[in-house]
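After this come two complexes, each holding subunit A, first together with subunit B and then together with subunit C.
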Partner chain A sequence: MVDSKQQWKAWLYLAPALILLAIFTVWPILNTSIMAFQEGYNEMDALRLGRWGFPIGLGNFERVLNYSKFWSALQNTLILCIPTVLISTLLALIISVCLNSIKPLQRFLQTIYFLPYVTNSLAIGMVFAAMFNIVGTTAAENPVISTYGIINNIIMMFGGDPINWINAGSTYETKLIVVMIYIIWNALPFKILILLGALQSVNKQYYDAAKIDGTGKVRTFVRITIPLLSPMITYVVITGFIGGFKEYSSVVGIFDDAMARTGQLNTMVGLIYTSITNSNTGVASAAALILFAIIFVITMINLAISKKTTYY
Partner chain B sequence: MSNNINNVTANRETALHVMKEKDMNQVNKTAKIMKVLGYIAVYAFLILMAFIVLFPFYWMIISSLKSWQEYNLAVPTLWPQVIHFENYAVALERANLERVFGNTVYVGVVSTLLSLIITILSAFAFARLEFKGRDALFAGLLATMMIPGELFTITNYQTTFYFGWGDTSKWGFTILIVPFLVSTFYIYLLKQNFLQIPNELYLAAKVDGVSDFKYLWKVMIPLAFPTIISITILKMMGAWNTYVWPNLVIKDKDYLLVTNGIREGDYSVAGAVDMVNYPLQMAAVAMVSIPLFMVFLFFRKYIMKGVSRSGIKG
Partner chain C sequence: MKVALQNLTKIFPNRDKKKVNEDVVAVNNFTFEIPDGKLIGLLGPSGCGKSTTLYMISGLQKPSSGKIFFGEEDVTELPTEKRGVGLVFQNYALYPHMTVKQNILFPLQNLKGADKLTKENMLERAYEAARLVQIDELMDRKPSELSGGQQQRVAIARALVKMPRVLLLDEPLSNLDARLRLQTREEIKRIQMETGITTIFVTHDQEEAMSISDFIVVMKLGVVQQVGKPQDVYDDPANLFVAKFLGTPPINVLDGEVKSGKLFIGGAAVLDVPGVADQAVTVGIRPEGFNLDPNGPFTCDLSNVEVMGRDVSVVSKHANSQNPVVRSIINSDANIDTSATTISYSLKSHKVFIFNKDTEERIRF
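Let's look at the complex of A and B:
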């Protein structure tokens, strides 16, 4: 079958894709990796010293690791990533199991639960900001407040005290909580879609067998449903972690660009973009490689754990 | 007569049955009640969650229709007292939305069309043609999917400026479209779909002297149409949601896309510059969100199918 005519024809068909991939995918992998090891690489000096005029070394990595913003970005990213992935996976699992157990309204509810996915994450972030925002001045003395925002109104309806979530003077913790709530809300649709799909393809015979043996509901869930779903749970956890480590637009939506790049809630991706715009390309490259390494390690850890706990 | 006798025996049997199974019934009854209670709990939970999921959308819509004064009432109204549609007109102007909408549609359509051509040609080559190094090349492509996009962004920023596209008043659309034309994932998706089409069809077409292009156009594309629609929608949604790249490279504000437009819009209250007029902001956000919902309602099946296989947003 392999004739020379097919050979060149294949390369012809692939040419547009391969040329673009070479420029915008393969070259960046090489170039970014090289720049990460060129000490102090930046656009200004590159004009003067030329592309190869920088000493080779680990200086960029050192600079990134010594940079206090890096550790706060890493901390923020971890705090925003780990709890939200765990909570949203658990919640999605419960919702999927419930959805799978009903017939009327199932498709309707499934469509509703999917809606947060088809949104512009930055735009809806602005809606969350409005919901948590207090209009007025929140100064310690003489606060003048016209509305506490709908979330505080709901809290007050149940007899609680209004909280300064995101306004000036709000604490780091409350800011993080708002972003986390938003991320969880945003992460549910994809997880429900995958887990419900997996549940619906589970062979009913397992459940019939459990019923005949008189197995209780909880036991059935823990012993049958979870093991059968384990590959898909692993899948949503891994994609959740990868997405979580690249968190950026949720923070931009709720606060603004400055908060996600250099402010209290700066994230890893925000840090990389700041370095790019400051022309500190070497540092940006080193930070991007570190991000890649973290994502890679987390994926491997997840896979190792899931190999032990995946049942087939 | 015989009817009567039958009835009597039937009754007696039922009576026996009832006596025998009286205890069983008791158990069944509690089980049934528990089951109904369980269903009520499940529905209550699911409906509560549905309300939580929908609440931000509801709040966005009603806030966008309120006046600034009504928005600031200490006790919020759950439906606008007077509906202010003019918020939408004002927001359109404040966030330069007409321009950014146009830009986004243009970038979305052009990049989707070009991207589809490239994807279809390469998926065809990978699925149907045999050439040296095919499997190794494909594995290499898949491996690039693991790398975070930020790593590419750094060099692409340099490369596009090296090409002179940094002069965005001239090359604004080029710099937004070209670096993202090839998606390894879409090639993978379509290749898998093409592989499901029996190879015999291709060989038969070859025997009949049908050209590759005709075969691709008349057989492969129609058969893989659902996947092609999924790719189209995801790509368009991607253009609608992209924020970081335009924010990084576009200097000339006339080439920004919707997401940048709404973030940079000026929603200040007349006479108080540091105060945000939330109804206006929510109107802008609603105008960006509603087209996405419309697309979703029409193409629900394709979107959910595409997303469940991709695990990526846009």
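Let's look at the complex of A and C:
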């Protein structure tokens, strides 16, 4: 414990961080929570009625739940979040184990795998849009199909028919698949970084001991590697879910803003954003609180499961 | 199971050619046959290649040249998991996420084909191993909930449960406190005698090695210095290194000279050494090799007397000593005049060794 006479010093050193947190984190959270319960709150009326001039109630929440776009946004968010987190975690685990077991090129490959992390997600989105394109860069369907994205080129190389992935007239499913591939690929670097770090800090003697005990490769992986990595796996799954529920930029990157906000692939964050730009700040706040509640519940479920399976 | 090492050599290639232009020879031409059912101590200072030797026997490291035999079977190329060895690691390497029971069961669950056991058989074997090391009360605990000594026992049980052909122990006592070390080394001896499994253990503690081994192997810089029963090696060291390495308190080392069949230390003829050619020599005298003798030829400046109960340890100085002090162990019944400035001894000839000054090899007389 710090000597009580010295405590003011501790507070002094903490002050810059605390002040910034208070202004940019604590107050917005508080403000959002208040606005969510102020029925029909918006900036324009706030000028006329004053900050506290709105009736208190659950009207904002009611409007969110009755909003037809809310349910499609929730569905899209869940579809884009849950499978991608699980698949990307599994892939990251396999890739990091492979990376960890090779000596030459390990550093080089590590860098390659890390590149998506330092690349702008909108730029990656544009590249994906080009890769999955059907007619070059034109959005409208072209009767004379001449240029293809690389994915369709590959499909045709193996004798398949080109698929309209994302252009006008493409189905909801193909659009979802492209966005999911993007999200999984984009989520890999961070997970690989964490899991590879964890793998490299596992005491080699456990593997020597397993060898002495005559353990096969698969069994060693399942019975020793995974349990020893379980705290870090839990970590990437939980942070993955939290990030996944806030999915938005991936859809904007591949399609455009409208698709992510009101289009077929609208997401929860897109919904909140639309409500704000439509001056429905109260509704946006309510939607944000609902999203927070969902993330909170999912995280609690995650923690409950990991408590049984994670060794610390 | 008899274990034979034939010209076993391990060379670690030099990675930084600029700084040192030499490969590291960790183990150099090690040939030794370990008789069936014996307890062998590999002994030496750190970096002498004793652990490398152990890991080569286990298969975790591949020898650069030479062969390893278990019985008549050449296992040099056999992978670790097929050798049927049990290894107790220095820090035990118990799987932290498994209970004691799961840890001990683990090697059994790996058995395949004809060796596969039923669940009941496995449990029976696990409890049998646990009883042998007296941890059957702790089966449901996690390793982190055990003391160092208990973890050590679990590690031994895990190594023993699959009935290994050879049991290997890497510095088994180094993580234990002094009291537990004494107790555990007796345990190891007892377990080894009960199971009759050929056991090889590595240690840098000469007392530990001498107290429980049937044979000890003294190593230095990858080269075997001497192999033999602990008492024989102690009584008849092959060179100065072995003489210095064994024994507490350590042997006294002095500069001397042999002239016409007599050993001189600082001008005084202290011992007859018939048949040794005239030369400057290094003399080793065990602390128990001194007889109090007022008229004795070997005289030192008395510093102080340390009382140890049964014995006293006489600390003195001598101009020719290579150590800071000359230490002798004398029965405490002898009344030593602590106010005297000098003390004189006669020497027991079988406790005095002379060595070539350059090669440090033993010169026998």
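A few remarks follow.
As a working rule, the second predicted complex is superposed on the first by the 283 of 312 C-alpha atoms of A that agree within 3 Å, B and C clash if a C-alpha of one lies under 4 Å from a C-alpha of the other, contacts with A are read in each partner's own complex, and residues count from 1 in each chain.
We adopt the following convention: contacts are C-beta pairs under 8 Å (C-beta built on N, C-alpha and C of every residue); 3 or more make two chains touch, one makes a residue touch a chain.
Source: prediction; values computed, not measured.
The partner of subunit A that touches more of its residues, comparing subunit B with subunit C, is B.
Of the two partner chains, neither subunit B nor subunit C is touched by A:Y67.
Within the superposed three-chain model, A:F296 lies in touch with subunit B and out of touch with subunit C [touch as defined at top].
By the touch criterion defined above, A:A209 reaches subunit C but does not reach subunit B. In the superposition on chain A, A:L228 makes contact with subunit C only, while subunit B stays out of contact range. By the touch criterion defined above, A:L14 lies against subunit B but remains apart from subunit C after alignment on the C-alpha atoms of chain A.
Overlaid on A, the two complexes show subunit B and subunit C touching no common residue of subunit A.
Remark: subunit C residues 58-60, 80-82, 85-87, 89, 91, 93, 95-97, 106-107, 110-111, 158-159, 162 touch subunit A in the complex.
Contact residues of subunit A toward subunit C in the complex are 203, 205-206, 208-209, 211-216, 219, 223-224, 227-228, 230, 311.
By the touch criterion given at the top, residues 1-2, 6-7, 9-11, 13-14, 16-18, 20-21, 23-29, 31-32, 35, 43, 94-95, 98-99, 101-102, 105, 109, 111-124, 126-128, 130-131, 133, 135, 146-148, 150, 153, 185, 188, 190, 193-194, 197, 235, 239, 242-243, 245-246, 248-249, 252-253, 256-257, 269, 272-273, 276-277, 281, 284-285, 288-289, 291-292, 295-296, 299 of subunit A touch subunit B in their complex.
Residues 39, 42-43, 45-47, 49-50, 52-54, 56-57, 59-60, 63, 71-76, 117-119, 121-122, 124-126, 129-132, 134, 141, 144, 146-159, 178-182, 184, 187, 212, 237, 240-241, 243-244, 247-248, 258-259, 262-263, 275, 278, 281-282, 285, 288-289, 292-293, 295-296, 300, 303-304, 307-308, 311, 313 of subunit B touch subunit A in their complex.
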